[in-house]
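For reference, chains read A, B, C and D in written order, and residue numbers begin at 1 within each chain.
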Amino acid sequence: MPKTEQSQRRPAFLGDLFESLTERGRRLLGWREGTGPDAIQAPDLSELGERLLSRRGEASGVVIARALLAAFEDADPAARLAFLQALADGFGPDAKAVKSALGAFQASPDAPEAMEALHSAAEPRRQELLRRLNLAPGGTAALVRMREELLRHLRDHPDLRRVDHDFAHLFASWFNRGFLGLRNIDWNTPASILEKIIRYEAVHAIQNWDDLRNRLQPTDRRCYGFFHPQLVDEPLIFVEVALTRAIPDNVAELLDLSRAPIRADEADTAVFYSISNTQRGLAGVSFGNFLIKQVVEDLKTERPNIRTFVTLSPVPGFATWLAAQRKDEISALISPDQRLAFAALDRPDWYEDAATAEQLRAPLLAAAATYFLRARDKGKRMVDPVARFHLGNGARLERLNHMGDVSANGLRQSHGLMVNYLYDLGQIEANHEGFAERGHVAASDSVKAALPGPRS
Amino acid sequence: MPKTEQSQRRPAFLGDLFESLTERGRRLLGWREGTGPDAIQAPDLSELGERLLSRRGEASGVVIARALLAAFEDADPAARLAFLQALADGFGPDAKAVKSALGAFQASPDAPEAMEALHSAAEPRRQELLRRLNLAPGGTAALVRMREELLRHLRDHPDLRRVDHDFAHLFASWFNRGFLGLRNIDWNTPASILEKIIRYEAVHAIQNWDDLRNRLQPTDRRCYGFFHPQLVDEPLIFVEVALTRAIPDNVAELLDLSRAPIRADEADTAVFYSISNTQRGLAGVSFGNFLIKQVVEDLKTERPNIRTFVTLSPVPGFATWLAAQRKDEISALISPDQRLAFAALDRPDWYEDAATAEQLRAPLLAAAATYFLRARDKGKRMVDPVARFHLGNGARLERLNHMGDVSANGLRQSHGLMVNYLYDLGQIEANHEGFAERGHVAASDSVKAALPGPRS
Amino acid sequence: MPKTEQSQRRPAFLGDLFESLTERGRRLLGWREGTGPDAIQAPDLSELGERLLSRRGEASGVVIARALLAAFEDADPAARLAFLQALADGFGPDAKAVKSALGAFQASPDAPEAMEALHSAAEPRRQELLRRLNLAPGGTAALVRMREELLRHLRDHPDLRRVDHDFAHLFASWFNRGFLGLRNIDWNTPASILEKIIRYEAVHAIQNWDDLRNRLQPTDRRCYGFFHPQLVDEPLIFVEVALTRAIPDNVAELLDLSRAPIRADEADTAVFYSISNTQRGLAGVSFGNFLIKQVVEDLKTERPNIRTFVTLSPVPGFATWLAAQRKDEISALISPDQRLAFAALDRPDWYEDAATAEQLRAPLLAAAATYFLRARDKGKRMVDPVARFHLGNGARLERLNHMGDVSANGLRQSHGLMVNYLYDLGQIEANHEGFAERGHVAASDSVKAALPGPRS
Amino acid sequence: MPKTEQSQRRPAFLGDLFESLTERGRRLLGWREGTGPDAIQAPDLSELGERLLSRRGEASGVVIARALLAAFEDADPAARLAFLQALADGFGPDAKAVKSALGAFQASPDAPEAMEALHSAAEPRRQELLRRLNLAPGGTAALVRMREELLRHLRDHPDLRRVDHDFAHLFASWFNRGFLGLRNIDWNTPASILEKIIRYEAVHAIQNWDDLRNRLQPTDRRCYGFFHPQLVDEPLIFVEVALTRAIPDNVAELLDLSRAPIRADEADTAVFYSISNTQRGLAGVSFGNFLIKQVVEDLKTERPNIRTFVTLSPVPGFATWLAAQRKDEISALISPDQRLAFAALDRPDWYEDAATAEQLRAPLLAAAATYFLRARDKGKRMVDPVARFHLGNGARLERLNHMGDVSANGLRQSHGLMVNYLYDLGQIEANHEGFAERGHVAASDSVKAALPGPRS
């Protein structure tokens, strides 16, 4: 039965549906019609913020929160930046309260109440402001967008970092995995969500709706996403999965529009071949770890025939790293033989010649093993960000795949190399701990065997 | 189509569906089968808590959180209390970190980063612990139950108050109105929710399912509740509403099973005659304020014919207060004439005799006006808790109703008095501010007129 | 989010929402306000029927159908009966068309078109009328109610039987199992449906909501119903199921409010202990057959541990039959020994005395075996209607249970006897065929063994 | 939460999920594995049909129906045609029964029971067969596909027409408007349904997903469809609606991807600019009539600001008709002046030259008025099928739009002419009756005025 628009849209709170929300902000600021500056300015936004934190704000918090968020979105970029700046400068902890709490704490440093009072006093006022802004209908989404804008300014305005710190703190609590729902995304999913999958896919771009259908509809394809109750149409992160027989070693086969699907009960392996975060405003809130493990668990229950869970992953840092090694004539990480062989990589079409490609296999895999197992960046971390993510989750580096992705992008970033990371739930805790505490890289024997031997 | 149990139940994460969860806790503690004490004890719960905060906890937080919560629920009362005590004593702020942050802060008291670091260091570790416990499926509900238990111990264990402070802080963020959904509760609502309405109704007890239906199904009755996405079957608060012609002055008519309903489009008034919180574990997180205003807004949109929004409320503190005045022979709050008249109240059946009841009207209403407008408790607050709630929300005291509730309970707590509070959205902000800042009670002229004149 | 009433209710078609529907009927009949008789009369209903079958009816069928159905429900009983009578008399086949079709058919009896034309001509016009009445919102439900009323008149007005024939024909098509959905009924089902379960339960009355919950909520209880898309809140038939270890032999244990439930995965048997049709207006449309088989199939898939599917059924005709045999002194169906033993049944409290009850076991079971396997009514059918239903579905008579139901009702109708019918999907087709074509009763060896031996 | 496949897919009835359904058909026919012909043949399908109508069919109708439908879909085209033929030849009325019923009828021609018996006997057995096939899960959809295939054979196999007659009879009952639900189709609709909108759109082809979104997502666009509960993912018919200010006179503006939408509350007119049936297998079951009227009613309730309901319709027969008039040198329907003017139409780019286009306006509109108001086909019907549909529904021919559709298709079929039909609910009954009974075309004054005057 058709829903009327009226019932689909949240009714306005305290006012006319069609009144401009900025106008409401102006009214809340006590301006009569026709007075005051033409547009809401940053000082006005700050004033609304103060009001929201005030007594009056308790009685009509929803209204003020709505008005402030709407006015922020209507404001011009300079006014918006100025408001963010005001959050940094004017909505920090209450200095007097801190001073007083500090005195009390120093007087009785062992009284838990004194510590508690100190903690409370030291909380920036903007945390409460953000919580109250969240009262507005659509407030959570508006705050995620506000932080997205904030992040764009961080480089040029490092003092905004403390505002970002509060956003990150609250978002980690609000977007706790316990509040997220895992949902299947398939060909019966509303188009309004599917178009976001096309837009957000970050690993292997989705060309069009046919390409999308090819990743969702066949019997051997799955897609899962985490959703938050307040962002109903927005997957926060999603993972694309292929059900296969055996671990695949290249992505072209997986994405081939003309391949013949297998039945889900014929598969023995689930391959996570693309995982994409969607909300820049949620940067730093980690979902991927939970998503992969939950999907592993669900697929094990749904399809006991599936026993192996792996990724087919890009190696985005490999080509850059290798170029540096080749340039660095005294690099100990590649051997003279390898160095010689890599000259072939400079021919743009090397991968189209089977013999050349085959000659490059051994040296490239040896370099890749070195890249993962020995190479470290200045911070003593693994160089590859994707590797850090999966190994940090407790996965194991399972296989190196020569010519795994010979698309332009694959060649550019990794000379075609792809790898599989294996998720074995029984091992992930130990793997994670070894990696996090000792930097130990869990790797299969075959990966270790690819390491170049000691040079004689 | 029938859902299988399998699909209704969340699959186990990382383990056997039927393994006892306490057993899992034992295993996580490294106990082999048959070793260790028979039951999980408080030290074990603390150890699981430390583990959840540790490195390994990052990799398998969901599993540990599940195990800890399940073990807590399985543990005996003494072990549970001991764990709560451990939260108070062992999971406070990291003392070393506080000391160090304090040193840095004193060195540069104007550096926002130093303040920020101090704030972070002063955060009790149990806040992060509670956030991680929330990772478990059903974690939010388990934490609400845990706090309910905690609250029962507060009187005897005042040191638990600081644990409660952290619960309250997190719950205020997690149960922010922005995360709640308003839902109609009617005769099409699942029985599993309706039985909770019967159980939780706090104002006018619901006798049985027929009584419940009488409050939900007629065309002139509504019920609304706030729900949280993680507590799907649990209304957090609900309000029962009657649509009427004119403001009602007694509750018996509203609840009469045999009355003839009117059509919703014939009503001009919406009466909030019962509002009940349901979750003791959410004490102090305020919902009622938001709920009433939202329902007013929604009803205005749905039924433009409804223009007046009032409560029909009990006056739970009146009889006790009046008894004290009568006892206090020098009370200035009641006059000698009133005092004389109130003797009739001591007859248990006074209200059944029309003449007596009528004689009591004037003195009781005068005393009631005094009770609301002049009487104050030691803290200089209004005596009546229901009045504090509605006036604090910005409502106005609209009318005093003699013989509004002559049930045993109504007679006992207020000699039958009921009152109406009026919600006029255009006035609530001013009313709230006046009340919160100056203790000003917004009252109609008729209430003011009921005040006894100055004694000559 | 609350739905407004507006969106829950179907908008009126072609007119004012609040116009009386009878008034609309009057207008359709061309009456001005204030003219015409005060109430819609049967002739008017017939006139509306003719109009619905006419040209104008094609353009605004929905409007006329609505008006006719509403006017029928508003009319007084005599007018309603008169309309049903008019359906019998005035909306039969078009006599002229039949005559003409018959002539054509006799001219060329082998032309399929002539036969087809004859068939069309012989279709009573009321079939098309009923189809057009179904255009109205709520039309299907209104027609089911109309037939319910019709059935009550059948005894006194046998000519209405031909109207009933057309209802039955259409309903068999409209309520084809292919159009029905099987749904779980559990404690999360809306109260508006559950109250109908209480009302319609026909076998073991449900005392109150606690009794209902005891049949729906425990882990070892299920309830399933068939629903039709047009009768959303009305189960057409439902079956209550207990999951047990072993086949139960009495109903008191199953319904015991204080029993301890078992887990669903511990059960090996599913017991259909109550099956109830709900819509008298759908009499003769068979659902039970399909319902039981579908539930067997679904439970097998959901719970592979359940291997045995039986009923625990009453034997409603047994006591009456036995009384007749006892009265009939030359009955060959009970032996003199049995006859002697049955005297104990005349003591009202026989079942409370263990020794007496035990003495009656053998003779009662022997009589029961005779009742099922040998006794036949005048139409050569089995006497027991429940047995005819289950054996007709292809079940097997599995076990006779002495003292299976010692409630007042159980004692009265069957001296406490209950039986189990077994549904073995591999056998039901053969069992059904044997029963339907040769009257063969599928029975277990134990039932056969209970037959009294040949008298010497 | 993710649904497992298991719960999404109906469990198999009576058997292995993965057994080939054709194999099941073979087994039902009593063939052992490895015996019998390799494939199911037409005689086997007929045998299954007989079995479904038999005694055994009562017990396991669902199984047999499933097997027959699956075997039919697996069979090769010749076998499928042979089965359809068998339906025509072997599943007609039971000749004996007809003869006997006829005898009884002639003996007592006034006995309603005799007529009823005759009607029953004359019902082709295939009607009951089709009803039983509908028992299978997915049976309704399979039968719709079966009829679609049947319709393709009608021209070459006219004897199948009597099978089609039975399909049509049952479908008219099963797809009664009372069983259909109206649903909004918008950008939140599942992609699996939206891709069908793209595929089925019959009037103005939808180029791609962007074009589709442009018809669904803007605030001034709507799309509605009728759905049947058994064909959940299949709209049976859908209509695309534009909300506009004033009645539009050309389609290009409506479909312009770059136009600026208006708000729904700014519109005064709803324009039905495309209506498409989707299921060939439901040919002859009329939905469009009901759909348009229901949408008019719903939009009136949802948006009281919308007062005018019109189509913007193609005129598919106009160019052909006009060519015939031009060829027919003595045609009385066009004047010599018009004939002369029409020569310009032979220039392929006439519409791109403003002056030429303007010169053609008057003669084309005069011809169009003639086409609608005077021209009739051999059957004395209006020539234009779209006109017959809307006028038959009771609409009025409101306006002739020169250059309304200058796409290649629009030029080819109507020299760019489009028309508006107006739906005025107060007039449709009278309009319909006039059209159906007297062939009267309801037309606005402006259309009538466009008729060429009497030639002097």
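The definition used in the following text is that contacts are C-beta pairs under 8 Å (C-beta built on N, C-alpha and C of every residue); 3 or more make two chains touch, one makes a residue touch a chain.
The UniProt protein names, listed by chain, are A, B, C, D = Malonyl-CoA decarboxylase.
All figures in this text were calculated on a predicted structure; none of them were measured in a lab.
Summarising the inter-chain layout, the chain whose CA centre lies farthest from the centre of subunit B is D. Interface comparison, C-D versus A-D: the higher count of C-beta contacts falls to C-D.
Here the spacing of subunit A and subunit C, counted between their Cα centres, is 58 Å. Chain centres here are Cα means. That of subunit C falls 37 Å from that of subunit D. Centroids built from CA atoms put subunit D at 48 Å from subunit A. The residues of subunit A that reach two or more other chains are 1, 3-4, 6, 181, 298, 301, listed in rising order.
Residue ranges on subunit B touching subunit A, taken from their complex, read 6, 11-14, 55-56, 58-60, 62, 88, 92-93, 98, 112-113, 115-116, 118-119, 122-124, 131, 134-137, 139-140, 159, 162, 165, 170, 172-174, 176-179, 181, 229-230, 289-290, 293-294, 297-298, 300-301, 393-394, 425, 428-429, 431-433, 436-437. Within the complex formed with subunit B, the residues of subunit C that make contact are 1-6, 181-184, 187-192, 194-195, 208-209, 213, 224, 233, 264-265, 298, 301-303.
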